[in-house]
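After this come two complexes, each holding chain A, first together with chain B and then together with chain C.
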Partner chain A sequence: MKTAANILGDALFATGYEVQDAPRYGAERRGAPMFAYVRAADRTIVERGAIVTPDLVVVADAGLLGIPAAGVMQGASEATWLFVNSTEPAQAIRAQWRYPGQVVSWPAGFTPPAMHNAAATSASCAGAAARMLGVIARETFESALIAQSTGRSAGAIETTRSQGLAAFDAMGGVDRCVPEGGEHPATPPASPDWIELGADDAALAAPDIYAQATSEQARTGLWRSHRPVIDYEHCNRCSWVCSTLCPDSAIRVDEDRTPRIHYDHCKGCMVCVLVCPAHAIRQVSEQAAQAQEIEP
Partner chain B sequence: MSEQPYKSLKDLPRSHALSPGTAMCAGCGGLEALHEALDVLGRKTVVVNAAGCMTLLANYPYTPFHGSWLYTSMASAPAGAQGVRDALDILRDRGRLADTDDLTAVVLTGDGSAYGMGLSATSAAIERGLDFIYLCYDNEGYGNTGQQSSAATPHAAKTSTSAGTQGYAGEKKDLFAVWAAHKPSYVATVIGADPLDLARKVQRAAALKGPRLILALAPCPTGWDFDPGDTVEIGRLAVKTGIWPLKEYADGRIVHTRVPNPRVPVEEYLTRQGRFRHLFEPERNDALIAAIQARVDRYWDDVG
Partner chain C sequence: MSRLLMTGNAAAAWGARLAGVEYVPAFPITPQTEIIEMLAGWCERGEMSARLTMYESEHSMVTGAASAAATGVRTFTATSSQGLLYAMEMVFAAPGWRAPFVLVNVSRALASPITLEPDHTDVLAARDSGFIQIHCATCQEVLDSVLIAYRLAEHPRVRLPVLVNQDGFHLSFTREPVDLPEEARVRAFLPPFDAHQAGFRASRPVSQVVAVLGGSPYSYFRYQVHLAQREALDVYDELAAEFAAAFGRHHGAIETYRCDDAEVVFVLIGSLAGQAKQAADRLREAGLKVGVVRPRLLRPYPASALRAALRGKQAVAVVDQNLSMGSGGVLYAELAGALQGCEYMPLLVSFIGGLGGRDIGDAEFFAMANEARDAARRREVPEPRLLYTARELRELRKLQAIAGTGGVQEETR
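After this line comes the complex of A and B, so read on.
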């Protein structure tokens, strides 16, 4: 998404806008959900930092919609358009997640003949956003796509270019649907509704620093866009190759040598899928897996 | 820790001493090596960690460790380990810590510390004969700050401080040789992708006293630019191409624990990583690829 924001920002800048584009990460390293913000205006932008009331939200990983902690819908109102990278119909997404505004969905980065990869998804998401804003000329956007892949092979440049333009063209029906947002005066944000808590004794208020292995409570499973699923018919209870090589110790081995993936922690790196000697672990889209869990 | 030598993968630990839920990248080769090493070392460790990616492991209020963890500046992890070792020894001398409850001081740092900023403190600690295990995860750059080049960056690799068609102009420092030159108790190179070789070496190190280095090449999806799932495959290729020789030093002798034969061309390793993409795109740089191959061939010719 950092790349998508970069392409969109460049294209807006080339069109003549003042632009800010910035990614926002948590303390985690790569793989955790992340945001990238783009602001554009035809005058000096006085706002800084995170966008609190977006006009358009682009979601590259639809699996995040169902995770409140991911906060993708934060600040969205009836006026906020939502683009979701998904094959699900927009109305179904809107109904399922009770989204207040208008929804557009489209499978980003899948236009044949290109292979689906991160660069294609980024270009595609940028293309959809550019057209929905409707202020960027097709040629300007194309130049931004090409500039993004400077130094890459002809094939890689073509993937970015064609996937970006395919999305741009596919969004013809919602050209310029996102209206220009209102003024955002540079006033300090209102102070939050604090709840005053009395001072507790440190032994109560602070987590026990002597406690062991507390990272168990951190649910890195939220990071996944795909999940590994063990097919127990084919798993030959080998010498737990998957469990040894999983970087995150997210596969436990039972007494009877059966490996169990802990989905609360599995980050979806797919190492286990690629190393299992019996080819007994499949890669499944997280969204599909979650949908199945709800209605098996 | 098991007393029996590890003969096959089936002997490797089945339970994990490092708990999940850390902030490391998905597919982190350093984390893979660390958990494999700790699975063998067990829980009676104090980890002394210099600034780097791994300092995000114990991200307050969470920790994946069962034992204590100490955070030091990049240059001073071995000095921190000295303090820990001294404190433990004092407790033992005063009878406040039973010998069976003694802990191992484990220094954990990246290559930025191990090959560069912390080398002086390391050299002094080895000289003093400090009883500790140094575990370095070598992702060949300053990963935590955006993969700037370090003294461990291989020739021609792209980093955020060595872009352009030639990549990094310098040579990767031979830390194994630097350590061995100090004549410490034990030095070994390992990789998470070969867990059996790693476990044997960690087990051997654990049975010794004095300064011991476990140096793990750590395929890094973020800094090396590859898909997280390829971490193990890239690690295996580092060994099969001969780029990362697996070896150990003990009692004044160096032994190669795996000898790739025949060696896979280095190109197989290079093409899978974005940091070497400029060697193949937009045009192939045959001269530079051949130079990298020649360095590897020369190493193995010299080994004999």
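After this line comes the complex of A and C, so read on.
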């Protein structure tokens, strides 16, 4: 999404706007939600950091809508447009998440790139956003796509270019739907509910974890892009190789020596796939595996 | 000159490139890494003739930088947060060598706990080292400050290392339009390093930084660094004027925004100034005359410029994005010291905010300005306030409940 913000930023800057774009993320690990902000204005932009009241929110991973900690809908109001990188009808998304504003998803018949293709996903999300803003010319957007792929292979540049433009063209039905945001509201903001922070007992105030097995609650399985699947016909019940070498202790072995992968905590590192002496563990795309679970 | 979108990190790298640096000792750390990646790429492709060396730690990196500078080589380096702390022994040693080089620090809050986001406790740990400190609020300022910093560092009346500070994320990773000056015009402003008597020449031996000394000669040399810093105040003003004449951008020792008729003034450093300015505009619409004062130079401390800007104001809200444990905000204490004993000075109210990158919203700027004004009317200095809301504490208590309370009873908290 950092790249999507850069593409959009370049295109808006080339169109003549003052621009600011910035990513924001915490610990650098797979699966952690990351954000990027783009501001455009016809005057110098002085504020920075998080955008508190966005005009448009672009969600590349629809799964984030269901994770409250991701805060995707923070600050959204009736005036905030939401684009979701999904082929589900916009109205269904709007109803499911009780979104207060207008929702847009891909039009029927459009196939977005696979999510694990990050570059193509960034390009197509940027294309959708550019078209919804409606102030960026197609050629300007194309140049931005190419500029942001500098240094990559000719094939990769072409994929980015064609995916971005395909998205831009597909979104003709919502051309310029997002109006330019007005100035800030006239009323002064409400007072913050500041408190006086008191001193706590040191045992509580130290950043320590006393409770057992809190990691159970962190579903690190959500970080996975690929899933290991055991083919039990070929597993020779060696009973220890995969379960011992899994760095996340996500494989347990039953009494009868059958290994079981705990998918809530398997991060998809594929170590087990490499080490299984019987070659009994397959690597499959997580997206494909999930799609199969939903429509078996 | 061309106007490009670039991050603060790219601006720092361009500053070094345009300054014609010859040596770049490096060690990566988030959020500074992009600076050395860019410089390494340019060096590798021959677009820059500098030598870049990857060290095994920040401690050796700063040793390498100071040593190179002491031999008359224009040197650039960069770090952040824990890296600056790891280098700290040499950060304090280098100014005593009178070694002129530029170090860009990308502010990131310190452990523990760990975070990647910015506050200024890292760079303020280097406050008393003898490094000159320039604090930036925009990506343009990062680039321009690196250029000015070399003139300042290498000035014969100064000859000290300069630390140029930018905030992680809010500048380091944020792209915005930056004017990239032409190399020829930069060279006219910043000619190659003339090391004067520093540096090594054939048949002119010199032993730098000699011996263990007793208190009396020690006092002399230490105080000379202090005096060189005081000289740097005047030299800085001259350089800022020269830079403005050459490039049309004036970066004073302090920046003032809508201060002339202000009743309440925010004092803060770094990129938070943007939000403060926006809040000042809105507060004025709401009927309170608010201004912003932002020291760019923190060492040497521009006390008289601050006194001049604040004389006659009713109240100052000092927003410290740092915390000196057991005392409070560093900017607040320093400003109180600078205004002490002077007439017509405003009442100072201390706020601690933005630690570890916590956002400070418009609502909080409004409330700070109002609290400062009310305090001035009551003529009562309130207790320092941490910007922290009931909602934040509720969220924290939820996390603590998951983590377990270490035997602390519910009712005691």
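In this section, the second predicted complex is superposed on the first by the 173 of 296 C-alpha atoms of A that agree within 3 Å, B and C clash if a C-alpha of one lies under 4 Å from a C-alpha of the other, contacts with A are read in each partner's own complex, and residues count from 1 in each chain.
To be clear about the criterion, a residue touches a chain if its C-beta (ideal position, glycine included) is under 8 Å from a C-beta of that chain, and two chains touch if they have at least 3 such contacts.
Predicted model only: the values in this text are computed from it and were never measured.
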| item | value |
| --- | --- |
| First, second, both or neither for A:244, with chain B first and chain C second | first |
| Partner chain in contact with A:214 - chain B first, chain C second, else both or neither | both |
| Touched partner set for A:169, first chain B, second chain C, both or neither | neither |
| First, second, both or neither for A:23, with chain B first and chain C second | second |
| Which superposed partner A:191 touches (first chain B, second chain C, both, neither) | second |
| Partner chain in contact with A:50 - chain B first, chain C second, else both or neither | second |
| Set intersection of chain A contacts, chain C complex versus chain B complex | 26-28, 206-207, 209, 211, 214, 217 |
| Chain C partner contacts - residues on chain A that touch it in the complex | 6, 9-10, 13, 18-28, 45-50, 52, 184, 186, 188-195, 197, 200-201, 203-204, 206-211, 214, 217 |
| Complex contact set, residues of chain A against chain B | 26-32, 151-154, 156, 206-207, 209, 211-220, 223, 238-241, 243-250, 252-253, 262, 264-271, 273-275 |
| Contacting residues of chain C [partner chain A, same complex] | 5, 30, 112-113, 115-116, 169-170, 173-177, 271, 274-275, 277-278, 282-283, 285-286, 359, 361-364, 366-367, 385-391, 393, 400, 402-408, 412-413 |
| In the complex with chain A, residue positions of chain B that touch it | 8-10, 12, 14-16, 18-29, 31-32, 35-36, 53, 56-57, 59, 61-67, 192-193, 195, 221-222, 227-233, 277-278, 280-282 |
